[in-house]
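What follows is subunit A paired twice: with subunit B in the first complex and subunit C in the second.
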Partner chain A sequence: MKRKIIAVTACATGVAHTFMAASALKKGAKLMGNLIKVETQGATGVENELTEKDVNIAEVVIFAVDTKVRNKGRFDGKIILEVPVNAPIKNAEKVISDALRLIDEK
Partner chain B sequence: MVKKIGSELKKHVLTGISYMIPLVIAGAVIMAIARVGGSFYGITDIWDSNYAENSNGIIKLLHSLDGFGGIALGLMFPVIAAFIGYSIADKLAIAPALVGGLLAKDIGSGFLGALAAGLIAGYACLLIKKHIKLPKAAASIVPVFLVPVLGTLITVLLINYVIGIPFANLNFGLENWLNGLSGSNQILMAAIIGAMVGFDLGGPVNKAAVTTAMALLASGIYAPNTAAQVAIIIPPLGLGLATVLAKRKYNTELREAGKSSLVMGLVGISEGAIPFAVESPLKVIPATVLGSAAGGALAVGLGSINQAPISGFYGWFTIIQWPLYILSILIGTLIVAGLSILLRGNPLVVEDKVEEDDFDEAEWEA
Partner chain C sequence: MEVKDVLSKDRIIFNLDSDTKEKAIVELSNILMEQGFLLNKDEYIKAVLQRENHSTTGIGNNIAIPHGKSNSVTKSAIVFAKTKKDIEWESLDEKPVNLIFLLAISELDQTNGHLRLLSQIASKLMDDDIVLGLQKTQTADEVIKIFNEGDIEL
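Moving on, here comes the complex of A and B:
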């Protein structure tokens, strides 16, 4: 059974880290055999915006951010793991398993 | 606990910085255009009010442009304060923090004062919202009346009477000290800034150095910015160059990263170097620190001046002594490339390539 995860990435300048973290998370999820959707909140605005449906489907939310998450109210009631934007770039699989552990231990 | 507070604060400040950067870029570039334009007419003080009535229309325009750029730069203090406040307490803190930031600017407490204004306004508003509970019928008084009035009052009083004076002194002290630096001391300062920028490539140490350098632009102090902007682009260029010069030492993934690193370097983004720093930090960071420090020190030592917070090639036309500036970048780049190839032992194993763009919508919704 593939696990389902959503994530938001954002960094201060919004041109580099944001997208590197997003692609690291996608790669990591793929290697682990999980599904992930990633919204990027970069300098040009929000891309791949997560819909209400995505939020409902996902088991857990990852915020890989150095700045404030825009429109955070969407995720009320979800279990959220918040890490610096660097964390998935360094080790995405660890971030994803940390997030999954949050729900598994519940 | 302390660590958690630290990372909270860092997040708020970075949010503020992310909203401030476009203003600094716009303001500084417009000012630089005015000043470079003025230099074609042999004018070195285009901001002087005498030029407002100049008979030459272009000189008049350049004078006005300098003023417009100044408006944008001046807004950086209220705006960074406003968005630090926003990061802490959402919309509620924007008004009090704007006022606090402008006050901080006016009393000369500068960038630090503006940071403090944002933090004070944010936490004051948050506390008021959390702790003042009115009966339901009157609850709307809190956000529409109490928070704006009390929040602003707390912020301006603290900034003006408590924090303002020591911060203003600190600010003047820093500016005087930097202005007084000359010769080898100034070169040493440039080398330190360069090393900080090259150390964590877009991380907190880098941001601290770059933002301080940017904030000093508003006071007309350019050497730290020159060093920082040179240092920003050296690591991505140097590491990109290394993957071209020593192809066999890098796997496919890093060679790809090398190409995008070169492009990111040219447009002025340190982060292009991160894939390399993540893969083998101990072999990459010494090279980027040394290369950036050398580049920054050379650029300042050779007398080039970058008045804009822009490191990409599109900003080079506004630089005073640009050939020496580019020479400094080249030397720094070669140091990074040479050292990182040298430090890198022998090639590593081939990794499997993972495609990331074949997301299956049907499986997601199942």
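Moving on, here comes the complex of A and C:
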């Protein structure tokens, strides 16, 4: 069964790493056969914003960030894996597996 | 808004001679200065090096994307260079770098399309086919073509 993951990416400058991390997470999830929606919080604003419904159906949340997550209260009560924005750029599948393990080993 | 609005042919360099990260950043900043994208080169270089100190911009796959956001940048732009020698960049995958994308980010560009284009180009560097194309190409036209055609979802 396809796992359902949501993620937020953000970096200090908000131009490059935010978007590379988002791209890497989408690529990784696709390779693993999982579903992911990634919100980018960059210099041009919030894009692909996660809705209440997205948050409700997600099994786990990944924060790939080097800065504060905007509007963090939305994720209260969810299981969250927080990693540096570089982590998925280096190995997105590992980040996703680590996030899923948080739920599976619960 | 197209790729060439931020990355034009006269900012695509082959056989860059620099052999260290710092030298490469200075060399490529000179090009931005000559083309009128910087009010103050030293201030811009300082911003780029500060960003490097925060964490490496060597993203793996032999690519580095040093970048500086500064009010000394008049208009956001990219310089792309292929280096003659491998350069050590403390990359995420520990491999040396031979493709450098230096991003100049203007504080004034908050909403116009330039920042978005920079982000799109950066995210395309996650695509292995695009990286392979960049490693092979020897012409500026092809570099621009690769970014125009390699359309991935953002």
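Operating definition for what follows: the second predicted complex is superposed on the first by the 106 of 106 C-alpha atoms of A that agree within 3 Å, B and C clash if a C-alpha of one lies under 4 Å from a C-alpha of the other, contacts with A are read in each partner's own complex, and residues count from 1 in each chain.
Keep in mind that, in the parts below, a residue touches a chain if its C-beta (ideal position, glycine included) is under 8 Å from a C-beta of that chain, and two chains touch if they have at least 3 such contacts.
The structure displayed is predicted, hence computed values, not measured ones.
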Clash-or-fit label for the pair subunit B, subunit C on subunit A: clash
On subunit A, which partner's contacts cover more residues, subunit B's or subunit C's? B
What is the contact status of A:K78 with respect to subunit B (first) and subunit C (second): first, second, both, or neither? neither
May I ask you to decide whether A:T67 touches subunit B, subunit C, both, or neither, giving the answer as first, second, both or neither? first
Could you tell me if A:K2 is touching subunit B, subunit C, both of them or neither one (first, second, both, neither)? first
With the two structures laid over each other on chain A, which partner does A:T44 touch: subunit B (first), subunit C (second), both, or neither? second
Thinking of the overlay built on chain A, is A:K27 touched by subunit B (first), by subunit C (second), by both, or by neither? both
Which partner does A:T13 reach: the first (subunit B), the second (subunit C), both, or neither? both
Subunit A residues where the subunit B and subunit C footprints coincide 12-13, 15-17, 20, 23, 26-27, 43, 66, 84, 86, 89-90
Touching residues (chain side subunit A, partner subunit C) in the complex: 12-13, 15-20, 22-24, 26-27, 42-44, 47, 66, 84, 86, 89-90
So in the complex, which bits of subunit A are touching subunit B? 2, 4, 11-17, 20, 23, 26-27, 30-31, 35, 37, 43, 53-54, 57, 65-68, 84, 86, 89-90
Which residues of subunit B touch subunit A in the complex? 7, 10-12, 14-15, 17-18, 21, 86-87, 202-203, 207, 264, 269, 271-272, 274-275, 278, 354-356, 359-360, 363-365
Which part of subunit C faces subunit A closely enough to touch in the complex? 51, 54-57, 59-60, 65, 67, 69, 92-93, 103, 105, 110-111, 115-116, 118-120, 122-127, 152-154
